[in-house]
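The two complexes that follow have chain A in common; it is paired with chain B in the first and with chain C in the second.
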Partner chain A sequence: MLDAAFFVRWMTAAAAVLDREADRLTELDSPIGDADHGRNMQRGFAAVVTALEAEPPATPGAVLIAAGRQLISSVGGASGPLYGTLLRRAGKALGEAPQVAAEELRSGLAAGVDAVGQLGGSAPGDATMLDALVPGVTEMSTSFAAAAEAAEQGAQATVPMQARKGRASYLGERSIGHQDPGATSSALLFAALAEVAQ
Partner chain B sequence: MSAGTADGTAGGGGAQVGVVLVSHSGPVAESVATMAIGLAGGATTPVAAAGGTPDGGLGTSAELITKAARTVDRGAGVAILVDLGSAVLTVKALIAEGDELPAGSRLVDAPFVEGAVAAVVTAAAGADLAAVTAAAEEAYGYRKE
Partner chain C sequence: MKMLINVAETVVADALRGMAAAHPELVVDAENRVIVRRDAPVEGKVALVSGGGSGHEPLHGGFVGPGMLDAACPGEVFTSPVPDQVVRAAAAVDSGNGVLFIVKNYTGDVLNFQMAAELAEDEGVQVASVLVNDDVAVTDSTFTAGRRGTGATLFVEKIAGAAADEGMPLERVEALARQVVASSRSFGVALSACTTPAKGSPTFDLPDGELELGVGIHGEPGRERRAMMTSREIADFTVDAILEDLDPRLPVLVLVNGMGSTPLLELYGFNAEVRRVLDERGVAVARTLVGNYVTSLDMAGCSVTLCQVDGELLRLWDAPVQTPGLRWGR
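And then the complex of A and B:
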């Protein structure tokens, strides 16, 4: 069973990995976006960690809702409302249980992923974060490690795709050949989850 | 204008609908607000710009949006017009949040500049939120060639 402390460790690990990988995310975002994804995610998750430390929530759901709220209010780019919605919706699905099973986390995140698709009007294959999130969540029923692997492969699979959402979509066919930065940061969230679950 | 009335609908001397303009750029949001008020004959309709990030950069700030919406809220609803990408997604996410924006806040599906002018002119005439929204959305129907 996973308690609130586990979820705080997950968010903290995510902040650390996004901090380490910020330059790579921004590099991926340079040819097809506005070259701010790394910095935005770094800033957003730093704010999440600060908020969680200042007022540690009592339940897993409350951790994700607080994290989502911070992302919406502090990121400044589209990744803020998208990741904010992912975590907040997942947190709401977990309810007020003091501990949750891995399967409950999987189904909570699945609800979050649905909400992201709805908010962005996107589907897998559009070269967005969904291309990592959907396989990641699906593989969570095997293990967190398998989820991280599937999300990473999903992110890499965006390379030959033509972007159909966001600023990259303006590039049309010229967006082909680039790994989507949002799918890449989504894979890092799963990597952080696998890391803290070890 | 009777600030604070809960039933501020069209006609009856109720409160005016507020208008919030959300752009990636502070100067764009400010300028469109000025232009809309000017074209509405210097209307006293509550209009607020929420452009860019709090430090003056390009982007969207949930904090500036919620502040602007509270500033223009007179109890008759708030029409929120947006430009691109994260501006759209942030407002949608704030509305989904439920308690972040004043009751009756609505994301208006309209072209930013033309929609802003239509919304402010209509709100200045005392129309309710549905009429303000409809006027702004109609701006999509005006072809330029």
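And then the complex of A and C:
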């Protein structure tokens, strides 16, 4: 079973990996977007860690809701509302249980992923974060490590896709051949989850 | 790449402190990133709030003042503001007559303003939103996020600002803003990429002798790359691209906008060519504005925006305005 401390460790690990990978995410964003995804995510998750340390929530659901709210308040761009919604909806789905099973986390995240699709008006295949989130959540029923692997492969699978949502979509066919930065940062969230679950 | 900055992290905050020092008629909250006209809320008046990423100056902070915006929310460089900023701005300027959000059609701006509208309404502020999407370089389709909002934002902010100044109710100000959006089209070209402070090198590679057609205002490449063209050829291309999507039987407002590092000498020369094409196509020009208004950091290049105007829109365009970036008639 996973408790609130586990979820805080997950968010802390996510902040660390986004900090390490900020330059790479910005490089990915540069040819198709506006070269700021890495820095925005780095800033947002640093704010999440600060907030969680200042006022540690008591339940897994409360951790994710607080993290999501912080992302909406600090990231900006499309990533803020989309990642914020992902975590808030997942947190709400977890309810007030002091501990949750891995399967409950999977179904909670699935609810968050649905909300992201609705908010962004996007679907898998549009070269967005959904292309990592959907396979990642699906594979969570196997293991967190399998989820991380599937999300990473999902991010890589955006390379030949034409972006249909967000700023990269304005490039039309010229967006083909680039890995989506949002899908890449989504895969990093699963990597952080697999890391803390070990 | 050399820049007149301290560190990338404080670029926006530093600019806001400098803006506050230059413009005592504005209240600049550098911490919360909200720029408000000092006399807000103005009694009896619909309030206008706009915002978006920084790096497009004078848009939007430079358009706060009598006759235009009541407040602006600058985000990080090329990143939309967060909902907290927008809610704070709306609360500061609402006089009880409602607030109009002017939003450029970029996913981040749309999502953050949408969340802000919900939060502001929870606090009892009546909110209407208008989405600016004037860029013909982006083919409108159900598979993309739609056309980008670029130069027409200035027309919307000025004309809706004048309508609000005259005491028109929220529904009417919103309707006029929508009319401006529907009547406006833009096209942009880049002669160089821009450099964001965070990255420190050009956002894309554009060799000498080539230009990008159909760029937006965020340092992203355009739809197509060609060998460098003359000012005359660029004017033919851009105006024709706009006229394919706009049928201006009415006279037009013309905005020849610099992207940040193209000198006025070139922009005025380009405007001469724009006027020539419009004359050749039989399009009457009512007013022309040439300068750097909706910029993209240090990008070289320009955009053209045309807005068809009837008598009322033209009257509102001519109405007095007093902001750091646009000022006439008072």
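List of remarks:
Just so it is clear, the second predicted complex is superposed on the first by the 198 of 198 C-alpha atoms of A that agree within 3 Å, B and C clash if a C-alpha of one lies under 4 Å from a C-alpha of the other, contacts with A are read in each partner's own complex, and residues count from 1 in each chain.
Throughout what follows, a contact is a pair of C-beta atoms (placed from the backbone, for glycine too) under 8 Å apart; a residue touches a chain by one contact, two chains touch by 3 or more.
No experiment lies behind these values; they were computed from the predicted model shown.
Of the two partner chains, neither chain B nor chain C is touched by A:G182.
If you count the residues of chain A touched by chain B and by chain C, you find the higher number for C. Touch criterion met: A:T26 reaches chain C, while chain B stays clear of it. In the superposition on chain A, A:R164 contacts chain C only, with no contact to chain B. Shared-chain residue A:L119: touches chain B and chain C both. In the superposed model, A:G172 lies in contact with chain C only, and not with chain B. In the superposition on chain A, contact is made by A:A78 with both chain B and chain C. Once the two complexes are laid over each other on the shared chain, residue contacts for A:P60 go to neither chain B nor chain C. In the superposition on chain A, chain A positions 34, 36, 72-73, 76-78, 80-82, 119-120, 166-167 are in contact with chain B in one complex as well as with chain C in the other.
Contacts from chain A toward chain B in the complex involve residues 34, 36, 69, 72-73, 76-78, 80-82, 84-85, 88, 115, 119-120, 166-167. Interface residues of chain C facing chain A in the complex, by the touch rule stated above, are 53, 75-84, 106-108, 111-112, 114-115, 137-139, 143-145, 148, 196, 198-199, 203-204, 216, 218-223. Interface residues of chain A, counted against chain C in their complex, comprise 26, 30-36, 39-40, 43, 72-82, 119-121, 126, 164-172, 174. In the complex of the two chains, the chain B residues touching chain A come out as 53, 57-63, 85-86, 89-90, 92-94, 96-97.
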